[in-house]
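One chain, chain A, appears in both complexes that follow, with chain B as partner in the first and chain C in the second.
Right, the complex of A and B next:
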């Protein structure tokens, strides 16, 4: 990066460190932080949407829909994350490719499953075999978002389902007495009030989501823990200009600070949000706010 | 009309050929196993297999692209079609042959070795570390010693340094530079053990055509001595050659 970095062996400690921390691999390490933050920023709202749909389905009066919602919550919550991430993503990818294969290559005669191999016609490959590496990486990122959203959507769905049931029955009865339809009661009375009950559970889910990001490596995305492990490992002079011993402790210490800082910021934000949502609610928190005012 | 059909067919065939030629072969590797493959300071995949793989692609007239993948899921992702070859210091074994097919070996059957902090360790009854799902891990499990497995080669060494394991069992060529630079902290113990049927490229069993191309390229590299030059460059003069 810097012009004086051509021969690191001759440098003083500080200059050596400045060169070391700006090598290409380290830039990838810093980029991984952006990847993780980007994933969280995209996944959280999508997972919330999945959760909302799941909760709505679970409390639906239409029986099959309710089964679907409950089934989603029960199955996804029950399967270990690591199993889900290892197998589901490959299965999801194969499902996409299989559907494209049926549509795009109706004349293809070879079987899709040949022994252990999964073969679709070249035009059905996702991404296409001809696409550059960044397309593959973006597609991998997209798969990661979908997988995370499905897993954490199930947890969010359960929390929201509980939140919806926690809204006092009297509130809903009052709405009905005013002549509101089911739909109106749901959107105007139930949904605005349920957040205050759901938020503690949702904030838990958010914290777990932050900590689950190292699972990204299972999905083929180089996350920060992967880089910390690989950069911190012992480096011999034969393969790098910057040989060093086992520095993993320092890298992981840095990650510790990052994760703790990030969860701390989340806590502060969530606390504020909670205060605002509590305002004017018929809960003990809302009551306390009213008295204090 | 006939002419039109013929020219359309010709065009379609030409387009099909152009498509086939435009296909990029994706080469899957681990990037954590120097000198076979590792990530260099610039963040690129480097090492013996990178250099040899690029040469193989040139000889087979293929456009290749390198992909990094976790060792644990390196075979599932190959058979699922996320990349087309595994070129990651993978030894040819009968067990793996049931799932994928291999090219001929481009690295002679490897010798594995034990490394420990002192030469007084008990290799038969002690605690030995090895990387998960490797021939070395299989060998340790059979030897009667207690096996501790780690996801990366780096961790297997660290386990010996911090006393979690008495010794590590891994490829001799991976261990050699580490022992050389450890200032006497780590030493080779016991005899070297020849394991596996050499290192080859792994491909899908249904991909016979590509397998043939790479096989031919490896043969030609063996014939004109370029493979031996590369082996010596990356593994030192003592390495077994063809």
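Right, the complex of A and C next:
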């Protein structure tokens, strides 16, 4: 990257390191951090939306819908998350391909599952065999986001469900006494008040979500774990201008520090948010703030 | 092969007893159940050993974190922060490569790069940190009256801790500790998907489930079987810890007893 990097063998230690850390592959490594942040930025709202729908379904008066919501929460939370990640990536892919197969090739007669193969017509393949590399990568990332959203949606649903039930009954009764309908009570009274009860659980879910991002590696995405493994491995002078021994330990130490910093910053931010949300609420926290002011 | 023969061949496959070659084609449901069940041996081994050993370090950490002396408090705080603030997955990777580096210099560390010891150490430290934080929280919410009563009886130091503080701490922490045990049990599935190699294809339940899913390209059979096993053992954990909980709460009137709620956070 720098002009003095043309002949790394002649450089001093610090200059060598500065060249080493700015090689093309390292820039891909740094880009992978953006991928992680991007995943978080996309997944968090989607998972929250899934969670909201799940919680609404779970407290629904329609029995089958309520079972669906509760079942979603219970099953996803009862099984190791990583099993879900491995499961959904294949299952979603096959589901999409199967749906497309039924729509695009209605006169295809062979069964989709033949022994150990899953065969759909070429037009139904996702992504199409002819599409460029970036489409494949984006599709993989999309599957990862949906998988994360499904799993963490269940966590969020559980928290939001608890939050909705924690809103004091008197608040809802007051709303009803003012002649609000069910829907109005839900949107104008329940939803604005539930956040303060749900936030501790949601911030916990957020922390767990951050700590789950390295699992992207298992979904076949070139994420930070992938790069740390491949960059850290022993490099001989034959293949690179920057030969070094097995540095994977140091790369993973760096990732460890990155995650520590990230969770710490989130903790501080969430604490502030909690303080703001508690303001003016009918809780002990809100009462303490009122007295202090 | 009948199902019984499959059972004989593969029931202990994950610890290296029985048929060497894994089934390669024409997988029956029986194959799935037996091999994935065989893998559960590893999950149970990791969970049991890590919990049993981590319990003591967790108690020590909780006491140290609550101590007034900064020489005891600071290391405990940092230990808990590091292990709770970073993903277990990355901890596995780091530990593996760390042990690998040590192995290159000292032959003594040979065993540490194998999952049975290396991963166990990581799980042990990790669960100690999480349970230590739970115990610390419980330690701080011990009713003042209990400790004052101990003082009034002339107890102090070790007897007071052993007979008053520690049992109350356990009683208060037990519901949360149950959840921690469940997480840890679920987290054991990460071992063979991080850097630790499954030597001679001796892996845990998820390793075999993944093996089947890779070979058949059909995730709808092995993973639900895996889920069934895990739900089953989770219920066993809840039951076992519930018994202990009843024992810890036996002196209290029924309505004041802490109930165990199944609330795992699952990923660490």
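Just so it is clear, the second predicted complex is superposed on the first by the 286 of 293 C-alpha atoms of A that agree within 3 Å, B and C clash if a C-alpha of one lies under 4 Å from a C-alpha of the other, contacts with A are read in each partner's own complex, and residues count from 1 in each chain.
The rule is simple: a residue touches a chain if its C-beta (ideal position, glycine included) is under 8 Å from a C-beta of that chain, and two chains touch if they have at least 3 such contacts.
Bear in mind the structure is a predicted one, so any value in this text is a computation, not a measurement.
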Chain C versus chain B on the shared chain A, clash or fit after superposition: clash
Partner chain(s) touched by A:86 [first = chain B, second = chain C, both, neither]: both
Contacts of A:166 with chain B and chain C, given as first, second, both or neither: neither
Touching partner for A:288 - first (chain B), second (chain C), both, neither: neither
Which of chain B and chain C A:230 touches, first, second, both or neither: first
Which of chain B and chain C A:269 touches, first, second, both or neither: neither
First (chain B), second (chain C), both or neither touched by A:136: first
First (chain B), second (chain C), both or neither touched by A:34: neither
Which superposed partner A:215 touches (first chain B, second chain C, both, neither): second
Which of chain B and chain C A:95 touches, first, second, both or neither: neither
Where chain C runs into chain B (options 61-69, 97-105, 133-141 or 223-231): 97-105
Chain B/chain C common contact set on chain A: 86, 90, 94, 116-118, 217-218, 229, 246, 248
Partner chain A, residues of chain C touching it in the complex: 25, 81-82, 85-91, 93-94, 97-98, 100-101, 104, 186-187, 189-190, 193, 195, 206, 209-210, 213, 215-220, 223, 226-227, 230-231, 234, 264-268
Residues of chain A that touch chain B when the two form their complex: 23-25, 27-28, 86, 90, 93-94, 97, 114-120, 122, 125, 129-130, 133, 136, 217-218, 220, 222, 229-230, 233-234, 236-243, 246, 248
Complex contact set, residues of chain B against chain A: 19, 22-24, 26, 31-32, 34-35, 38-44, 46-47, 65, 67-70, 73, 76-77, 79-82, 99-100, 152, 154, 157-158, 161, 177-178, 180-181, 204-207
Chain A residues within the chain C interface of the complex: 75, 77-83, 86-87, 90-91, 94, 113, 116-118, 155, 204-205, 208, 210-215, 217-218, 225, 228-229, 232, 246, 248-249, 252-253, 255-256, 259-260, 263-264
